[in-house]
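For reference, the structure discussed in these notes is given below.
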Amino acid sequence: MHQSPDDLDRTDPEGAIAAAAKRCSNWGRWGADDVLGTMNFLDDAKRVEGAALVRRGASFSLSQSFDTDGPQKGWRRRTNPVHTMTDTGTDAERGVQGFPHGIGGADDVIAMPLQCSTQWDGLGHIFDHGFAWNGRRAGDVVTSLGDSVTGIETVASLIAGRGVLLDVGRAVGTDGELPDGFAITHQHLEATIAAQGESSRVGRGDLVVVRTGRLTRARRDIAEGRGWGDYAGGDAPGLSFTTAGWLHGTEIAGIATDTWGFEVRPNEFDVAFQPLHQVAIPNIGLFIGEMWDLDALAADCAEDGRYDFWLTAAPLPVTGAVGSPVNPIAVK
Amino acid sequence: MHQSPDDLDRTDPEGAIAAAAKRCSNWGRWGADDVLGTMNFLDDAKRVEGAALVRRGASFSLSQSFDTDGPQKGWRRRTNPVHTMTDTGTDAERGVQGFPHGIGGADDVIAMPLQCSTQWDGLGHIFDHGFAWNGRRAGDVVTSLGDSVTGIETVASLIAGRGVLLDVGRAVGTDGELPDGFAITHQHLEATIAAQGESSRVGRGDLVVVRTGRLTRARRDIAEGRGWGDYAGGDAPGLSFTTAGWLHGTEIAGIATDTWGFEVRPNEFDVAFQPLHQVAIPNIGLFIGEMWDLDALAADCAEDGRYDFWLTAAPLPVTGAVGSPVNPIAVK
Amino acid sequence: MHQSPDDLDRTDPEGAIAAAAKRCSNWGRWGADDVLGTMNFLDDAKRVEGAALVRRGASFSLSQSFDTDGPQKGWRRRTNPVHTMTDTGTDAERGVQGFPHGIGGADDVIAMPLQCSTQWDGLGHIFDHGFAWNGRRAGDVVTSLGDSVTGIETVASLIAGRGVLLDVGRAVGTDGELPDGFAITHQHLEATIAAQGESSRVGRGDLVVVRTGRLTRARRDIAEGRGWGDYAGGDAPGLSFTTAGWLHGTEIAGIATDTWGFEVRPNEFDVAFQPLHQVAIPNIGLFIGEMWDLDALAADCAEDGRYDFWLTAAPLPVTGAVGSPVNPIAVK
Amino acid sequence: MHQSPDDLDRTDPEGAIAAAAKRCSNWGRWGADDVLGTMNFLDDAKRVEGAALVRRGASFSLSQSFDTDGPQKGWRRRTNPVHTMTDTGTDAERGVQGFPHGIGGADDVIAMPLQCSTQWDGLGHIFDHGFAWNGRRAGDVVTSLGDSVTGIETVASLIAGRGVLLDVGRAVGTDGELPDGFAITHQHLEATIAAQGESSRVGRGDLVVVRTGRLTRARRDIAEGRGWGDYAGGDAPGLSFTTAGWLHGTEIAGIATDTWGFEVRPNEFDVAFQPLHQVAIPNIGLFIGEMWDLDALAADCAEDGRYDFWLTAAPLPVTGAVGSPVNPIAVK
């Protein structure tokens, strides 16, 4: 399938963004005090529906590693995790720890950007003209102390429900992968759903994961000695700006990709920076996941033909965080 | 109920630990290469059983916060998380970020011990006389580079299954709480199961969470201005050393408490340091969780009389980590 | 000597601060582009004068330790340094490092607030009504990216010159120490100079270090088991708000104390937060040092009667930092 | 001048290292308890001699920057510093800080390897066959808790004295620079001294700084868009293994270069890792500095023909550190 044309006016990014933001705004939809955005769609009934999808008990981690060998190269000052030991087995074996009766221990610490690997963007991660989710002024929400309103801890217990894989790489791409710069439109998403069948229908409260194959390619590059390249911060396939309406209209609770930036890179305007984020996070109130590892799950779905599953993607409740590392667990 | 006497020989800790370690050892049970320990018990069938426990779709986070106001006071050089922002809403609103078309962003980093708040102990966390899980030499497992054998990433996809709450605080304690130094014996555990009823039976592959009420008390102390006190590192109720056999014999996959140290503090020998850990982690190969927040879940269980649930407690896959922060999600 | 009365109007802090700021302002004194403030006073001639003070070659570090046992308790989210090893001697001795021919290594990392121990405040550390040094808007100077104008690196090569110790604790206090809340006025400073003699005269370009004895007391508290107490963030002796004129008029290049906060605590207004900082840093452009260890130097000065010396207090040139750890070296 | 031949037996690195270690050993020279190594050579008389070199009062920082744009690329898990703000001017200007009377503040934290930029190696940094400086077992010196014997804090007050620049790049190189792989022999060092004249004689207690021009080249690469390349961890000019005797015999207190690794890279044996370190640190007890910025000082020395100066290179006294960032200050 070739990339579909769309009616995106590429000459006026400012206007296009403003129009989409207005069209898709959920400001006020859940009251002036709302801090949950689209996570309001994920209710108990949806969880009951999701749990019923566990048939074989097979579980999949959708998380990449967190370590010094990750893809970060300093973009937006994001580094890879620095993991160090405060006690080790060598110390224990050497007998220098001073504990009685032969017990020894190892302990460790980590320093890392909260969005260095598999992650959720919180609602305080992106602003539109100085405004955050639900119309609050950005400076009233996120200061140097963190996000005092929509910190990721507000959804700590909520993100468990029905997950749906849209394997656009397999359905639309070549050899299961989309090339950098490929803009996934709502037509591609719908075509993928159609190709995959009923289990991949998408609706209110669902957690959608979109596989582009970009991580598959990065892994191949690493295996063949070329390293991560620009996996984190560079060009990539991803959601088209034109999917804003689909993201809004489907009333999904959250969506994640296997790329660093969710939306297509380069962006679809000549001068732009993540315009779909600008619509989706502060205006729709949508939860976006990035750098998820969908390959093992996708292989399983391709094999059994079932694309929905129980998904628990619990953010680490770092108080006031605008994003969070996450180890999403899918169970089929 | 008063604390039961037991046949613990308090005059010979070294001998008691060695005897329990020998009696409960699972070394070799799953082959010489095993890195999963008791997580081997948590199989797909158990997950199917666990998912079937979702009835209402009510979800509970069993995680405490991760922030600077946590309980750590430097014990074992454990500090509270330091969360800082690399971009803020005030910067965005002030227009200093330099992005086009009105988009602004916030980003953040964290530095923290992996066991500073709600956590899993990995199998490389504790050694017995210089030996780690499955009989490996400690120095062959955990060096300054981390745990190269049993790093927490080895169980990244596995820890989702049937959870069981044993609310010993409610069943055995006073006003729902046990005092510091209260050693929970297997009799207390069995009495709790008996009091709670059939839904709290414990067996192979289960994930058991034991509420002592210690966190409830800490929260009351904080609310009344006394602060955390010694919640992290001080005295506490907890599992008796004598439960080693129960932990081994039940063939549970993991167990967690609402205290910092899992086992009773002070320990039951005059000179000792976490002797139950010394048996449980390197010898049984048991996964232990600490500082879990069980209060909301416990209140719900007390109300509906159902003590088992679907539990996903996915560690963050920090490569080579000997422990991991976790946001466990229980769904009933 | 009793604490002298002064003409401070304690009923109008806002007015008193504004008046002092106006009276002592150095804005524009060195041009609109200036980033050095009072460090302009420390010129090459002053360095020649300072170097001539080296007579015996005795050197003194004026730095406290940087480690986990420091005084920080979380005030303004300041923690003690977290120092961890990425390689150790135990690893090397165990032979797990993989280097050839018997070489082994140890390496380490640190995470710490830049002002957790002995430090310089940079000119971007304090603002007055939204304005930074030399009249710049605070948001034009210090964003989440750091201080893009007056970062501590701008004075990286400059802070070496004539140091003068004013041992107010010895000259004015009891048993060499001033009590908490003792406000050191310009009369106390002049009395100290008079008592110490000619070598302690203070003038343009000098680096003045003021000993209150507060650290001596903290050390005694630690030795006697009471710990740091509120050394970092609590009550302390220190400079009176009324010394603003003296700080400005003497044309000193920098000044440091052995306390966490430089000025007297509690502050001299009922409701206030570091009003002397508000005048000194953004308006005078003065470099302030805190938590310096002056005890060994002070004992030597008391013995030989010479209170001036060659002082090198080179900040670590962390780009964009608003403060810096420092190991000041005095040589007599 | 062409690179001189030497009598290095390249076929037997193990033997060559052992022979040099034995020949140059200072173990026991200052008693069994010694923790200062060659810093014992830097006495008060040397400081008096050094201070007399201050003639014009011109000061030079020999430190590179500490920031995210540094040369580190992860070698030995060394990263560039991560500097974040805990309060900013934008927050202050926005009025969200909550302080009275218009005061605002900025604060910051840093996380970094202690040897990521301009640094001193401590005596616990390198081991020889499991032994540290003065014959101690490595595991008795440096555990996960740090260096409990020769931590960098032991020399906190000492490193100030006579500095000598040996600008080998200018004296021996082409256009002031040596190429990667150029091994500086003692003949090159002596030729440089001869070329520079009497002010560059080297002897007991001196602090020697050796300029290769490698940093000059890196700066040019950055300016021309090629980035740092392998400045940190790659090939470089540096001291030949054969200078071990010179380093030992001159009885210098310390020596630093403008390269990441001090000694020539690739090393002079086919299979080797920093063999000169293996001799110099644990056996000679020598303090080695790396990544110093000598360019401005070197230009000044070339102009006035004086190559010695007063040098203060005070390490940050991080307790138990095996290395330290440093901002060395030279004054002429």
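For clarity, chains are labelled A, B, C and D in written order, and residue numbers in each chain start from 1.
FYI, a contact is a pair of C-beta atoms (placed from the backbone, for glycine too) under 8 Å apart; a residue touches a chain by one contact, two chains touch by 3 or more.
Which protein is which chain? UniProt says A, B, C, D = Cyclase family protein.
Just so you know, these numbers come straight off a predicted model, no measurement behind them.
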So which has more C-beta pairs touching, B-D or C-D? C-D
Among A-B, A-D or A-C, find the interface that matches B-C: by residue number, over half of the contact pairs should be common to both. A-D
Taking each chain's centre as the mean position of its Cα atoms, how many Å separate chain B from chain D? 46
With chain centres taken as the means of their Cα atoms, state the distance from chain C to chain D in Å. 27
Would you give the residues of chain A that are in contact with at least 2 other chains, written as numbers and ranges? 77, 82, 84-88, 90-91, 93-94, 96, 109, 111, 139-140, 143-145
Complex contact set, residues of chain C against chain D: 13-14, 17, 43-48, 51-52, 54-61, 63-67, 69, 76-78, 81, 83-90, 92-95, 99-115, 124-130, 132, 137-147, 153, 156-158, 160, 271-275, 277-278, 310, 312, 314-323, 325-329, 331
Touch list for chain A against partner chain D, complex: 68, 74, 77, 79-80, 82, 85-88, 90-91, 94, 96, 111, 139-140, 143-145
